[in-house]
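Below is one structure, written out as structure tokens; comments come after it.
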Amino acid sequence: MLKDIEHPLQKYIRPGTNYTTCPGCGNGILAQSTLRAIKNLELDFDNIVFVSGIGCAGWIPSPSFNTDVLHVTHGRAIAYATGVKLTNPKLKVVVFSGDGDLSAIGGNHFIHAARRNIDLTVICVNNRIYGMTSGQAAPTTPKNSKTTTTPYGNMENTFDLSDLAKSAGATFVARWTTYHARQLTKSIAKAIDKKGFSFIEAISQCPVHYGKVIGMRNDAPSMMKEFKSKSIHINKIDSLSNESSDDKIIVGELVNENEKAELTDLMQSLRTEVGTDG
Amino acid sequence: MIYIKKDMCKGCGLCIEFCPVNILKFSEDLNEKGVYPPEVTDINKCIECENCMIYCPDFAIFLEKGGVKNEK
Amino acid sequence: MKNNKTDFIQGNIACVEGAIVAGCKFFAGYPITPASEIAEHMSERMFQVNGTFIQTEDELSSIAAVVGSSWAGAKAMTATSGPGISLMQENIGLAIATETPLVIVDVQRGGPSTGSPSISLQGDTIQVKYGSQGEYQVISIAPSSPQEMFDYTIWAFNIAEKFRTPVFVMADVMVGHMREQVEYPEDYNELEIFDRKILDDPDSTEGRFLSTEVAPMPIFGNGFKANVTGSTHDEFGWRNVSDPKVMDNFIKKLTNKILNNKSEIIRTEKEYMEDAEVVLLSYGSVSRAALETVHTAREKEIKVGSYRLVTVWPFPEKEISKMSENVEKIIVLENNLGQIYPYVRSAVDGKAEVELLSPSVLGEFFEPNYILNKIKEAK
Amino acid sequence: MANINIRIAGIGGQGVVLSGIILGRTASVYEGKNAVQTQSYGSSARGGDVCSEIIISNKKIIYPQVLKSDILIALSQKAVDKYRDQILEGGTLIVDKDLTKLEFETEKFKVYGESFNKTAIDEFNNKTVANMIMLGYLVKKTEIVDVELLKKSILESVPVETKEINIKALNKGMLLAQ
Amino acid sequence: MKNNKTDFIQGNIACVEGAIVAGCKFFAGYPITPASEIAEHMSERMFQVNGTFIQTEDELSSIAAVVGSSWAGAKAMTATSGPGISLMQENIGLAIATETPLVIVDVQRGGPSTGSPSISLQGDTIQVKYGSQGEYQVISIAPSSPQEMFDYTIWAFNIAEKFRTPVFVMADVMVGHMREQVEYPEDYNELEIFDRKILDDPDSTEGRFLSTEVAPMPIFGNGFKANVTGSTHDEFGWRNVSDPKVMDNFIKKLTNKILNNKSEIIRTEKEYMEDAEVVLLSYGSVSRAALETVHTAREKEIKVGSYRLVTVWPFPEKEISKMSENVEKIIVLENNLGQIYPYVRSAVDGKAEVELLSPSVLGEFFEPNYILNKIKEAK
Amino acid sequence: MLKDIEHPLQKYIRPGTNYTTCPGCGNGILAQSTLRAIKNLELDFDNIVFVSGIGCAGWIPSPSFNTDVLHVTHGRAIAYATGVKLTNPKLKVVVFSGDGDLSAIGGNHFIHAARRNIDLTVICVNNRIYGMTSGQAAPTTPKNSKTTTTPYGNMENTFDLSDLAKSAGATFVARWTTYHARQLTKSIAKAIDKKGFSFIEAISQCPVHYGKVIGMRNDAPSMMKEFKSKSIHINKIDSLSNESSDDKIIVGELVNENEKAELTDLMQSLRTEVGTDG
Amino acid sequence: MIYIKKDMCKGCGLCIEFCPVNILKFSEDLNEKGVYPPEVTDINKCIECENCMIYCPDFAIFLEKGGVKNEK
Amino acid sequence: MANINIRIAGIGGQGVVLSGIILGRTASVYEGKNAVQTQSYGSSARGGDVCSEIIISNKKIIYPQVLKSDILIALSQKAVDKYRDQILEGGTLIVDKDLTKLEFETEKFKVYGESFNKTAIDEFNNKTVANMIMLGYLVKKTEIVDVELLKKSILESVPVETKEINIKALNKGMLLAQ
């Protein structure tokens, strides 16, 4: 390997990183999309903190992104990120979360951060399965799917995470798949740039475990082709009502609201107002 | 120029799948990881769309616009 | 006459004021009896001192936000009671594993479970030491008055910063809700306030974790490219979850960081110990009953001494062992069914008799006469 | 008295705890003595039993809780029943006479009864000042703290908009004690 | 030849099969390494036996659902690892306070915090005893093979039902993931299966809680008008959170229900103890290393015995005290930094030397030679 | 007190009950509304289990309702109730929850139970404050309110609990105030009767703590008069969009869906299908 | 018939507030709890609307349709 | 041999654990011996190191872990480097020759090399059957379990739709060992 020929995103990678994702996993595509967004924004990488929880998605920034990364307990990344952001509002704080991490065990922090409209960017890698623990059902697993904990088919209904984020108060919401790596890059850039709670739902492939569920085991190309064929842009449908239908993946920027006050801003005003010995 | 870090490749085939001009195929030599990394068949057909780079989950293939090169 | 330096306040309020003197700039909490006054007072005070207060959605988030805040550079704290400590356990483990300085105040109430929120119990003594999974060490301090809530909260921040680790302040209903005069420092500049050592150079090859000398902290936003994880890791934060040797190093460094520095951390308070034949060993609010009893006993010329653990964890095993060599009997006074009692007995290792005395009614404050009777039995 | 033990007992909402705090603050911050106040109660603000205990002393107070009290102020029947046996010889019992029945006679301690709650409702149209009436009555009868310093302490402890009514209630209590 | 009564299965799978034999009809869980196989196998098996499986949103909900299920009349269980135990602590406290029979399997992994999910550690030994707030007692059993995972899960349900209390099965990566042959019972009808005592008459004036004899359980849907609360309560469930006497009774009855029945609960396994001078005291997977070492030592005519705690909690203080009278030295083997060690030393009270031996590398399985060297040192 | 003259709901009250609510608290009104619903449905009280968490609202059924009551930890009532219901689907399971209990610490269980569409009736007493712990802000406290933990005014946004329930998947949702005690009785009856996850948001007065926040301390009559004047029926407005406005309380039955399969039903079918030795 | 369990009343005034015909008022005697429970001024005007019962948080006031009675 | 210690080491996804289970099951359930299988690994399914250890014995197995092994099957370079020193005198080392380089010579134990992974890809177009090829090779070379019983055990352990390919792969492995 010649030293001078490097991947264009190499400078964002922590030297010594060893990618242990499975072949074809969407996580690497999302890592790239994110880093490209940051490159395009021309942000100082040292001013971004990545917080992630336990799950394969948590390994996207940690340890590989060469800036401050905080890798915490399963489900709690947003709660930790809240402490980071409130303490140093100048930092951009980006959370990477698996669908289980975010919406199963971490569901409460998710809706509360959205409600508070705190300036965080939360990227959820929705592979519709628990990848890291080998293929159990998630709250995002489609009904009737056979997983290791739903051997007779999943009896539970599926969360529409973007809708939940919206209803809880998020001011920016976008959904894309790994097939839409370019659009993802743009939406992630917008989300990071925007003040307020931003949510990116990235539908991604886990060829090992979810691939097995849908008969595409270890077949990332087929999974991504399916993303392509099932996706439909929000602008091309009339209403959001059938958003959660199993058949279609509605992609696009679903929410972009500019009215709501952001929490760290409000706190800063308060400090100025009541501060006595600060 | 397409660069392929062969030993970083996990053989998923995404680059091959999404090359619009079908100039990528699996090579014949196993890499360190025991898989067959891709190789470029006809670099002249490359339209520099960046798909192979963007869709590679392992940072194993990328390009610099304006030429051709295979790299281990 | 009103003296600006004296106030008549609750232990919980004194705790907040102590925290602010120590430099606390971040509080995240969730209301719970009997600790709510801490959050309430913090909600008013933090923004006045350019700090941050947030009432989180639950206690899991409180401790998580406190850890995040500490990594962003603030001295940070939370306060709760036993049920909240239970909920925090997993994230307390992460704070320990990532060596995050922070202070947790536990105003203990009666239980198990929801129990009796307004009755004192020293029921969380071991919980704070062993409540999270795996093998680790913590520091805990047990104040016995509002004045100590003030002083020891400052001290808690100091050792948290010094040893890059969570420190517990173990109050209870009695101490948290008790009001008593608190003397504020004459001169704040003379107070010893300790700040964490921060990594000075991003390119430094110095370790950032797992030093028994306490590694400098690569706090966020400074280009340190901190690699922080609750998974097993090495001195630079690199995760390695498959090699037992790495785990062995991880656990031992974390624990030895505390254990090797016991002499600096541990505090005990001795009264009338010189010639004591019987010792009342106690901690927290109970120590005031012990001390009163010793005074009464001494008036009756009974040779009783008071040995108070100001810090409960790390456990002063050697100190107790040594102390036990010169006494006949140690009565361990605990407002529980004997949580440190086996640890005391283990330390004493047969060198003196060790007996447990719980209040005749758990949760009630020890009556001196009741203790005195026990002492007389012993004699 | 070098050491005064006071117990104020009643039910939630009667301002039992606040009364204790004000006494303790007066003695410590304003009179320069030592004071400690502790309390025990059921669930807050919900009509359960509450008891506030204050020790005032010239010496350092080690043992913080009241065992036997010099003064018991009982604002409910339960409070009388539970604590009257713990009044010291020569001590004082003060009750709200509308909320208690004293079915005993004693020479061990002095007994006073007055209408704190009823007076608060009838004359101030505000239940919550009953404790101030009680405090006024108490200091007048027992002189445990200086009245002027007590007023200072009250003014410091209650919300601005209630300062006036509280002081009026205190005065009313003192009047009742005459 | 394939024998229907023998299978070659993982400890985790054996645990599920044991639970089913015991009558388990409800499992709520959340995946976690190294316990996930239990949930996975349960998800298949429960509906086959007319039971219920649910994968909850988190571990807090798992244990909560298990408690709810038990009150609705089912034998119920959950399984997790240390991080999940941490999250369950508050609701474990409720299970104890409400005297709810249930089984919790803890397949321990390395840590603190996320640690090393696939490395064994006996790091949760005290956590399960003291991790929830307040003062209480639990029962814990430490199996050392898939066969014992099967047998002791049955037993765990039996004592959970008998004593109306949570029982922990303390496995670790080693035992949970180990595969070995398991012999199923020849005749299931001969197995002792214990079912809880249920209140028989709604109008009964018998207490429903807080009896050291174990009160009959007023399970839901039977007109018992059960009054169940995690707050301090009396024999009929009436909450009283202000009277310390009620709390004293509450705590003492709950703990004495276990402590008074220690002789029925506690199990130890002794090998070569008759003439042992040195004793290897161990529990869980480590016991297999202890036993192997004892065999090797005996071949070399070293007088070593193995004293295994099959139940760790309640702690067999008296048994150990008695045992210590006849031996010179007790080596406590733990795959941690000495969690029960102080409890052993406290029990021994100076009557024998007590030493701790952790693996040279935490998380690695003890090597017999390493233990042997320690024994030789002792001699 | 003559034995023969009893409150018409007396038979539902556990003998020996001592009401310790503050004067004028809405909780008693909700207790009555619920019991009246059960009376009207002519349900066997012994077949209903009430589960509640910590908070004043938790004391509505516990210990006073004379049937099986399970009073659990703060925020977890729904999780416990899930275990009860799954184990004995014949039981009606009703959860009483405070707004803090349900939506702060317990938010995750709330959205997941709604997602699963498990047959529970959840009644949330939304008094917009933490009552039991003496007046701290809740996720339902209106913006800018001064509470004991928001002395400078609440900086956080307010959850619309009914909307959240809807978005998470609840099949029956109704909101009323204590002023609408009669309508509440009807909606509670419907909710209990209906199979699926039903949610009742009962806006209620805490005269002691929330009364203080809005300048109506200890004044229950004024608080209820305000409920009356601020309420507007769903049928009388065009869209749900300004539902969460501080000014108006939109009342009525907001969701009533009949299509979605219920979880315990699905499980029962599965048992019939795969049961071998049950 | 309006029944009032005087000692259960906490004096909140809700029954008085919501009686559409204004026939409830606070009485003159303190009850055990130290508050003034309501009393009926003119039972003949009662329209048996049940408001007093329905809005009483303490189960302290209720009615049996068809008559009048005050009850301690 | 009364006691056979086998260690199979490689990386995640190579089927290392399953091979061990199948051997253990064959020996215990089908051959009536005692067997214990343990494993150690990094994070599952993600290319980390994995090691599966099997003890087969006629006696009760107390100590469950392999210290020194009679047989080491090494499917990665790391596996060779880490475990070859723990092969017993007279033991056997089997490696996937495309994935390892053997830069040593020894007389202490026998060494065999074969292309398990490559054969699986090239001939079966399915990486995941490499472990079956390896098992076939192993039993042929070492005869640690009966081939027919091994086949039974495989058929019981793999999903229906893969039974055929797995047995074919096993046969292929046996062929390679000839």
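Note that the chains take the letters A, B, C, D, E, F, G and H in the order they are written out, and that residue 1 is the start of every chain.
In the analysis below, contacts are C-beta pairs under 8 Å (C-beta built on N, C-alpha and C of every residue); 3 or more make two chains touch, one makes a residue touch a chain.
The model shown is predicted, which means the values in this text are computed figures rather than measured ones.
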| item | value |
| --- | --- |
| Touching chain B and also chain D, the following chains | none |
| Given chain D and chain H, the chains that contact each of them | C, E |
| Shortest path length from chain E to chain G (each step joins two touching chains) | 2 |
| Intercentroid distance (Cα basis), chain E paired with chain C, Å | 29 |
| Euclidean distance of C-alpha centroids - chain C vs chain F, Å | 39 |
| Length of the line joining the C-alpha centres of chain C and chain G, rounded to whole Å | 54 |
| Residues of chain D touching at least two other chains | 40-44, 47-48 |
| Per-residue overlap in chain C, given as positions that touch at least 2 other chains | 33, 47, 57-58, 60, 83, 90, 93-94, 98, 113-114, 117-119, 229-231, 241-242 |
| For chain F, residues contacting two or more additional chains | 21-22, 73, 104-105, 107-108, 112, 133-134, 139, 152, 267, 270, 274 |
| Chain F-facing residues of chain A, complex | 104-105, 107-108, 111-112, 115-117, 139, 152, 155-160, 163-164, 166-169, 260, 263, 266-267, 270, 273-274 |
| Chain B partner contacts - residues on chain H that touch it in the complex | 47, 96, 98-99, 117-118, 121, 127 |
| Interfacial residue positions of chain C with respect to chain E in the complex | 60, 81-83, 85-87, 89-90, 93-94, 96-98, 108-119, 121, 123-124, 126-127, 129-136, 229-232, 241-242, 244-248, 250-252, 254-255, 336-337, 339, 341-343, 345-351, 354, 361-364 |
| Contact set on chain D toward chain E in their complex | 40-43, 48-49 |
| Residues of chain A defined as touching chain C within the complex | 14, 16, 46-47, 49, 51, 62-63, 66-73, 76, 79-88, 90-91, 108-109, 112, 267, 270-271, 274-278 |
